[in-house]
Amino acid sequence: MFKTLFENVQQQTPLVHCITNYVTVNDVANVLLAAGGSPIMADAPEEVADITSICTALNLNIGTLNSRAVESMLLAGRQANALSHPVVLDPVGAGASPFRTEATFRLLEEIAFTVIKGNISEMKTIHSGSGTTKGVDADISDAVTEETLEATVMFAKRLADRNDAVVAITGAIDIVADRDKAYIIRNGHPQMAKVSGTGCMLSAVIAAYCGANPEQLLDATAAAICLMGVSGELAYERMISNAAGTSSYRSYIIDEISKMSAETLEGGAKIESR
Amino acid sequence: MFKTLFENVQQQTPLVHCITNYVTVNDVANVLLAAGGSPIMADAPEEVADITSICTALNLNIGTLNSRAVESMLLAGRQANALSHPVVLDPVGAGASPFRTEATFRLLEEIAFTVIKGNISEMKTIHSGSGTTKGVDADISDAVTEETLEATVMFAKRLADRNDAVVAITGAIDIVADRDKAYIIRNGHPQMAKVSGTGCMLSAVIAAYCGANPEQLLDATAAAICLMGVSGELAYERMISNAAGTSSYRSYIIDEISKMSAETLEGGAKIESR
Amino acid sequence: MFKTLFENVQQQTPLVHCITNYVTVNDVANVLLAAGGSPIMADAPEEVADITSICTALNLNIGTLNSRAVESMLLAGRQANALSHPVVLDPVGAGASPFRTEATFRLLEEIAFTVIKGNISEMKTIHSGSGTTKGVDADISDAVTEETLEATVMFAKRLADRNDAVVAITGAIDIVADRDKAYIIRNGHPQMAKVSGTGCMLSAVIAAYCGANPEQLLDATAAAICLMGVSGELAYERMISNAAGTSSYRSYIIDEISKMSAETLEGGAKIESR
């Protein structure tokens, strides 16, 4: 199901405007290039609307938020909405502080997002206006497991309906849903949690995939998640065979994305629909 | 002496709030994960006290300081003090500009630090209110050598006494001291100076070790320094055998930290007490 | 022609003050160390003039510009001019938004640059006050090819004359010129375009080379470009033989810079003068 989605990215080289945190921004830029897109980072209120206008998609990530960035996100988001560009929200750490939570609510209120991607804790914060977040990782008690899977799929569909967006809940098992349909994805490797920024990279790749496939937003989001997951699996094998560690693993993940073929992606994806 | 200290970090996964420079922040995040901790970066005045409250330790690094960050450091530092969280100061480039020096003095005046870590030039600035700093490297004339070692140990103990903190003076030979006791550490490799950020990584790892070992702050700081040093030695061997260069070396250092065992750390540490 | 230029950098370890974007800043720091220089990043208006004063060269890169950074660039630039330090401008994305274009014009008006380095689209923006920029890559229609080479050399010399600076136009073929003389450089590899920041790294290395060779600015700039290009070629061979991808390639480029000898640089340079 991914061949055309993948090839559209390679052929169109979608330019993705990222307003993102300074922790993982370099990985985000490099993963976009590796995936077949092109990055442009710009966060000054004076230029974000202009920059968004020359791009194909917008990626908003609140990882190291500040008040100026919120203003810029609103300006860029409104412009992207006006131009019907896909807009992705990665509400990193929503729930960890009132500042992040309120900024997230304000963004959701003023901007129509195409995809909202977060861990279960962040997504619960979005849903309920409450919740706890331990750093940027999901609360263990809130992890998506086989037992809680069915309920989480229902939750994802409801959240998608309420926000009129594709919802991606990431964790050991990933769930992607719109109001009608959900995918369950079992790619990736636990070691990815030892690398800072795999989540931020994923949001950016989702933006590239949606930018190049605007008519298939749910499938494009699922393809991006499978791409990250399959690459994480291949990179893990290389890490082990090289007796390497987590920093090399980080590089290998991006390497595998840059080397990916439609066939490897298709063959490696562990995806089912509900 | 490091086994329990090491295991406490692995088992507790201390969450470290970092307000740090944007040059090496990604390495800081990844080294914390590699060492067994967890990073959260947040520097907006609106949220730093909230973020610190959910963490175990606070790491303040003035590498790319600005006036807003100073304000945030003060807010976070006061909150960490109120909650008795360990607080680490890395006064990068103190002495290089009046702005950095004055910010350092203000931080020292208003916040009780648990550990202060810097090169000899930065530490002299802290001590005397004067001093020169060539970039972020110690002045050669101020290097800690076998000849100046005894005097530097005395200096470290005095500085520790005056600031009621553990003092870590890093260089070819590292010295860690509280008012009563000092360790001399001869791990690491000169090649580490060709990698940007090894000092910033170290401060963050010290914060993680102090967070997980709040009753043994001197030993926890020494353990973190040995961890960085032993990893730097192992990574150097791998760099040479791969005919690699300084960028791979950077990755290998973090790799070795992620692969470290208590036994390797214990066996590799070159530490003596004075 | 490069032996002395190369050795001057190794022996003098030029300290380069960088006010640069947060996307590629870590690579910029590490490439400066790899090339034999030393980085210091500082962008607060309160300290930039002080920091520049203790440095050998200044590198201004507008990749993630904001209004505070423009102010800091002006303060640092004036101080560098007053001290006769080389100042390099990398007008990343000039033409992509009025904000960047106007900031570029203002910098050019108020600061005397030693070297201006950009792709053909950015350089045309500088020349004409108009132009289009697709992200940070040159417009394909504006690419420097064998057919357009002679005209571009003329353009570079005119631009150099008008700005009283060395002008470096980068692309598949690189052109470096002052008002009288131009070099054409055919090093590098197309794969370098899949790595974020090779252009930013280059500006910083140019600043280091000009800082250590202030009497030979045109040749120093050419040497820096050849250094990046030859390293990119060697790194590409290593990437292929390791079956690696673009993230490893990024590391390998910096690795090769750190391993470079004057002989390898001299032997690998594909340079001709016009």
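Each chain gets a letter, A, B and C, in the order it is written, and its residues are counted from 1.
To be clear about the criterion, a contact is a pair of C-beta atoms (placed from the backbone, for glycine too) under 8 Å apart; a residue touches a chain by one contact, two chains touch by 3 or more.
Since the structure is predicted, the reported quantities are computational estimates derived from the model, not experimental observations.
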item	value
Classification of the subunit A:subunit B interface as same or different, half of numbers criterion	different
Cα-superposition angle relating the copies subunit C and subunit B, to nearest 5°	120
Subunit A and subunit B: spacing of chain centres that average the CA atoms, whole Å	33
Multi-chain contact residues (two or more partners), subunit A	22, 26, 250-251
Complex contacts: residues of subunit B adjacent to subunit C	21-24, 26-27, 63-67, 93, 96-100, 134-137, 193-197, 243-248, 250-251
Sites on subunit A touched by subunit C in the complex	15, 22, 25-26, 29-30, 33-34, 38-44, 46-47, 50-51, 54-55, 68, 250-259
